[in-house]
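Each of the two complexes below includes chain A, the first together with chain B, the second together with chain C.
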Partner chain A sequence: MSATRANMFWQRVLYCDPRILYALFACLVVLCEFWRPRMPVPIPPAARKLYDLVERLPQDKLVIIDCELAASIRAECEGQFVAVVRHLFRRNLPFAIMMWTTQPEGIKFGTDIAMKLAQENGKEYGRDFVIWNAITPPPAGGAMLQAFSKDIPGMIQNDIFGTPLAKIGCMRGVQDISDISLIFKVSYVWNRAEVPWIGFVQSVYGTPYAAGCVAIQSSDAYPYVDAGQISGLLAGAAGAAAYERLLNAPGIGTATVSVQSFAALFVFVAIVCGNIAMLMLRATSEPEAAA
Partner chain B sequence: MSKRGALKLLAFLVGLYFVLEYVLPEKLGGDFDSYEVRAPAGCVLGTNTLAFYVGHYRAEQCGIGRLVQSGASGTWTRTPNQPVLQPALFQAHERYGMSQLAVQANGSELTMVYLGKNMQREPVLCYATSGDTGLTWRRHGPVVFSTNGHYWSSHEYPNGDVPGAIQWYAAQYHEGLWRMALICATKGLVLAQGPTLTNMTLQPTVLQSIAQLPLGITAFDARLVSNQWRGYFVAEGRLRVQDLADGVDQMDTVDLVDKDICAYRLGPRADEALICVERASATARAPEQAPVLTELYCAPARLTSTGTLIKSVGAQGRPTYLTRGIKWAGDFTMIVGGFAVFMAVINLFLYHSKRIAQRQPGLHNSVLFFVFAVVMGVFTFFGNKPGEYGTQIIMRAPTPAAVALEAALKKSMLQAFTTLTNINDKRVTVEVCLQQQETTVTGALLHVRYIGIFPAAQRAQVLPQLRAAVASQARIDARAVQVDCAPDVMKTGFDFVFKAFLVPLGIATFSTITFYMISAAYRAFKIRSAEAVLLMVAAFIVMIGQLPLGAWLTHGLPDNVFFLQLPWLAQKLLMVANSSAFRGVLIGIMIGGLAAGLRIWLGMDESVYAGLDK
Partner chain C sequence: MTYNRKRQIAAAVLVLVTAALVANEVRLLVTDPEYDWYLRIQRWIAAVCTMAIYTFLYRENPFYRAFEHVLLGGATGMGCAVIVRQQLIDKWFAPMVQGFRDWFTTGMTPEALSGVLLIVPGIVGLMWYFQYSKRWFWLSRITFCITLGAGVGLGFKDTFNQLLPQITETFKPLWVGARIEPGLSLLARVSLSFENIIFITGTISVLMYFFFVFERKHFVIKGPAQLGRWYLMVALGAFFGNTFMTRLSALIERVHFLVAEWLQWG
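For the complex of A and B:
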């Protein structure tokens, strides 16, 4: 009888209502939001590479930030964008934010965040940074990048406010890709097929390329990091937190990553519990079968 | 020709254009310095007066050219016609070119110091020597600096202990020692000296910090005068000559005849300097030409005149004309992309219309689609003006009085908003309309429009301040200033729909993945084999090792067992195991992609044209 009772117990555990798991997970996240445990943030070598690269960038060239922020990736990627923009402001490096018409959320997020950070850091639009007008990525994005690399003002023409690029201070002297010191892409993936920066810009002209993406998409970027084709990689909120630590400016990444730690731990605890339940169910079922 | 045939031909031709544009250079033939001439440096070697310069064939392809001055006529001739030194494939320190030459004659030998650009486009100070009046050169690699007597050069720090990226430098061989003045980024001016260029000892103190140096330096050189460095700075359209030790100007700054001097090097004779001048071109520049015209001159050292032209850009090559059309081609591809997006939107409309017309189950979703499409479209069209952010003061009717008052009015009105603590409260636009009788301002009307919520308490605080500011600046009675305050419906609507619907729905959709992943992990991830155990362990290490929890769990381990620390293990798994496996997958994908691309380009793949008549 006790074996049967144990069997039923482990069956209930193994096939429990998933809503119980959801509720436990939600409670854990809410608890961590209030508790905010302080833990050391590891600095991956790829994040360190990006930081060191930005520290060495020349001040007479432009940095391009390819912004594809979206609501769905804000938790992981907004911290990356903010940290890199802060670093560029701190080093007085002029940069241009490049956006795409197929990512309307990125246009709004990129503009709002950049303008807000500029106000906070005492930077002036036009002199210290520019937000390019959004362009449409064609299916054959390589062809567009080929043209872009040879004639940047010709492809972009205006900024997002409609001002011709020739009238913008930080765009003075920027003609082609040789006037660009770094391309930093922040997006869901580290290299979108429609905009193949590595294939048509980094490998042809040697312009350093770095990326910030969600953690789950970062694993296939590591061969490129190892080969030096990606000069720096920020993977998810952990990458953002690492960069914030290097800047000594904790922000969204640091706030998110501590909660994310416990969320990841919960997933593994769930896996372990599921396997324990399976083993116990098997153990309690065998005596019954023997009987 | 059928539609399919026409499309295949069009696709082939467009692809052919891009392939040829990618493969072929912008021009064929022409001199190695047909793009630009820069960075001149000269010296006298015996009876020869020589000058060397960096000639560019394109922006990042260059070589060092040699000029000889004819004794009789004084004209300068390029000899030989080919560069005497150019970046080589395996010379990493000058992979992307050279700049800022300095040439010194020591007996019959010439030493040339130059700034190379390495693979990361960072400056590396290198040098080369020549024993045959500069016709051939032998590279010696980077100049090595040290602060502690240990002279070392590495791939990461090729110039040794130099305190920052070298922006400008001056070099001179004086009394058996090489002596240099370097301007390093973020540090300033430092001095160095040594018996050879691979044993340069840096002085410990910075002579002048970046803040003390002239602003906007475009060229720099220095010479030893009575054992003291005298610096020549070309900055902001002026030449400044000063003693580097104390920063005291030795002569009045000279307003330059040509404001765009981008290189300055003393020599080849005393009281002479070789300069590079940039000029805007009178005619439009072709893509294979530099955006500005560059010329080299031999001028008086104090730049009282531009001097004599010694070199202009070389003979132009024949353009291949492919690059001239690249902008149009790029625009064409973007238009195609725009049409693709447009087609997708039309498809969506057709699909949902059909669902409503046929009263299919779930048609309420289609109705909602149309409602939100129209609402968002209207709000975006009328309310999303990217030019406006934060608090704005706009003057309407730019009368002379308004123009005169504009700056002071804006400053004082913006003060009213600085008392608000929440930045969202500052998303207000104030349009100021001044009422005038002849030249006198008699009244003002302020249209205050805000996005979102402007609490009544804050309105009560800000609006009187705005009224007082206008009254004070325009010198009118405060009662003559009328204020009309209302929400901007379109902007508020756009803001609301974006922040209250689009963003939360996007976040919620993505977040539900996490919940499904947890229940899937609980139910489906069952360890039934050794491989599953390995997968589980690797997943644990990679996931937890990249997060602070992983660092915290193993941070107490001693340093000699660093290989047991989760962050270290995670990085090794990602960079070694994962990279190796994924490289194989990537190579397969790329080969397949190349084959598929070639088939489509050459019209061998019929599936792309499915539905079209043959």
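For the complex of A and C:
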């Protein structure tokens, strides 16, 4: 190949139309839909911590799942939510799903998934779990959480179907935050400014707090895990996959993370090719410039 | 290739794709005994919305823009409805009306009083709107001061409670000796010490990087600051990698929806 032709080739690689890359990328993801690759799933210590914590929880206390599933985070957080709910059902731990109406689709997603899993596991709504009436956090949500910690039935009042909490089996004896064994938040962020669980509940009452968040936010969360403020963390689809592995029940997380690995490999190859092309072009243009 | 020729090819592709989609829908209608029209319409709407947003990858186009505005309009409308329904009506108006009703029927009980007193935050909140009057503008400052004071107080408590345990967590031993971790092997202790050294070096050097009050001429300042910059670059790389993974998951979920739920292939 002559130098000019080689130059042209590397120029084509370097200045390739991104739409071609998008198309190749889309083809790869679609292909993975038909051919499901199985990749090894490592278990991060933060996911293991959450699993161990749930294993140790007492059965006479309630677990709160703060569910803020939205369409934009469903890909990563649905797997986390499903895995934790499955674990709670397996251990016969009563739990309440709590929703904030700033993410209105969370109510539908959370209710649908919990009801479906309850049916699969032979659990009954009201006796084994409850879905609290959705509430809208005010801008300064700390005050709301302070009131919530002292009087849970007074703050929530009804479940999602309008039944007073006093009439719901698993809510009997639940008065304040001392009756809660764990708060698990599934959301885009691990600690939302409007619902500051760490600042107003975990640090004040010592109630264990765990979170499932998207991968983008996980880097921010690790200092809190190290400091013991977050008792367990599921970061992105990888966190969901790790938890599924611990439960020995592969699901959405495992499927997503396998495709993710292949797509990440594609991007890695594209970056390497781009860099080689840049170096090759630089190597050929420098002698020409010197001449 | 001429412009007209390109348009002809695009039209042909569009017709073929539409025909294939219609054929696929007929296949489902014929083969699926539990064909649900309502669910299928929902999925078609979701699929069209998804593909409309993805057309942006080709180039900016009116189809994408229209769906972007639909999304923004829907989200804004939903936000307003949620605030009015869940906050103003459920948490303020309805309990207040109930309080007044109880007051007139059973007298001023503590429950009735707690409902009646809700009129006070209502009035204070409405005072925000005096911002639109030059003469009564000062009244809005009362609300502003209350909001600001409460916000600062709560924010201070939140920040303090969040950050204090992290500050104490940075006090780590550079050498994890047998007295600190008695049950660990030598190798584990070396590894833990190495982790702590990296952690402490990172904390100090990144803090040094953000000291802007004196010039970075002396090596005592310059060296750690440069190291801090490297630490920050590594952290930003991790952020970028995580961002990519999150976006990728969203794409995988959408592709799964299009292939498995909408087209029902595979």
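By our rule, the second predicted complex is superposed on the first by the 288 of 291 C-alpha atoms of A that agree within 3 Å, B and C clash if a C-alpha of one lies under 4 Å from a C-alpha of the other, contacts with A are read in each partner's own complex, and residues count from 1 in each chain.
The criterion applied here is as follows: contacts are C-beta pairs under 8 Å (C-beta built on N, C-alpha and C of every residue); 3 or more make two chains touch, one makes a residue touch a chain.
Everything numeric in this text was worked out from a predicted model, so none of it was measured.
Annotation: superposed three-chain arrangement on chain A; chain B versus chain C shows a clash. Judged by the touch definition given at the top, the superposed model places A:Val267 against both chain B and chain C. Looking at the shared chain after the overlay, A:Val30 reaches chain C, while chain B stays out of its contact range. After overlaying the two complexes on the shared chain, residue contacts for A:Thr136 are found with chain B and with chain C alike. In the superposed pair of complexes, A:Thr256 makes contact with chain C only, with no contact to chain B. Contact with chain B, but none with chain C, is seen for A:Gly206 once the two complexes are overlaid on the shared chain. Of the two partner chains, chain B is the only one that A:Lys108 touches; chain C does not reach it.
Look at A:Ile198: by the touch rule set out above, it reaches chain C but stays clear of chain B.
For chain A, the partner with contacts to more residues, out of chain B and chain C, is B. Once chain A of one complex is fitted onto chain A of the other, the partner contacts of A:Asp226 extend to both chain B and chain C.
When both complexes are overlaid on chain A, the residue A:Met280 reaches neither chain B nor chain C.
On chain A, the surface patch touched by chain B in one complex and by chain C in the other comprises residues 22, 72, 74-75, 101-102, 135-136, 138-140, 142-143, 204, 215, 219, 223, 226, 235-236, 238, 260, 263-264, 267. By the touch criterion stated above, chain A contacts chain B in their complex at residues 14-15, 18, 21-22, 25, 39-42, 44-45, 53, 56, 58-59, 70-75, 101-102, 105, 107-108, 111-112, 115-116, 119, 131, 135-144, 146-148, 150-151, 154-155, 160-162, 175-176, 178, 181, 194, 204-206, 208, 215, 219-220, 222-223, 225-226, 235-236, 238, 241, 257-258, 260-268, 270-271, 273-275, 278. For chain A in complex with chain C, the residues that touch the partner chain are 19, 22, 26, 29-30, 32-34, 72, 74-76, 101-102, 104, 134-136, 138-140, 142-143, 191, 196, 198-200, 203-204, 214-219, 223-224, 226-229, 235-238, 255-256, 259-260, 263-264, 267.
Those residues of chain C that touch chain A in the shared complex are 57-58, 78-79, 82-83, 86-87, 91, 150-151, 154-155, 157-162, 165-166, 168-169, 235, 238-239, 242-246, 248-256, 259-260, 265-266. By the touch criterion stated above, chain B contacts chain A in their complex at residues 18, 21-22, 59-60, 95-96, 119-122, 165, 185, 287, 291, 323, 326-327, 329-331, 333-338, 340-341, 384, 386-387, 389-390, 423, 498, 502-507, 509-510, 514-515, 517-519, 521-523, 525-527, 536, 540, 542-552, 555, 567, 571, 574-575, 578-579, 582-583, 586.
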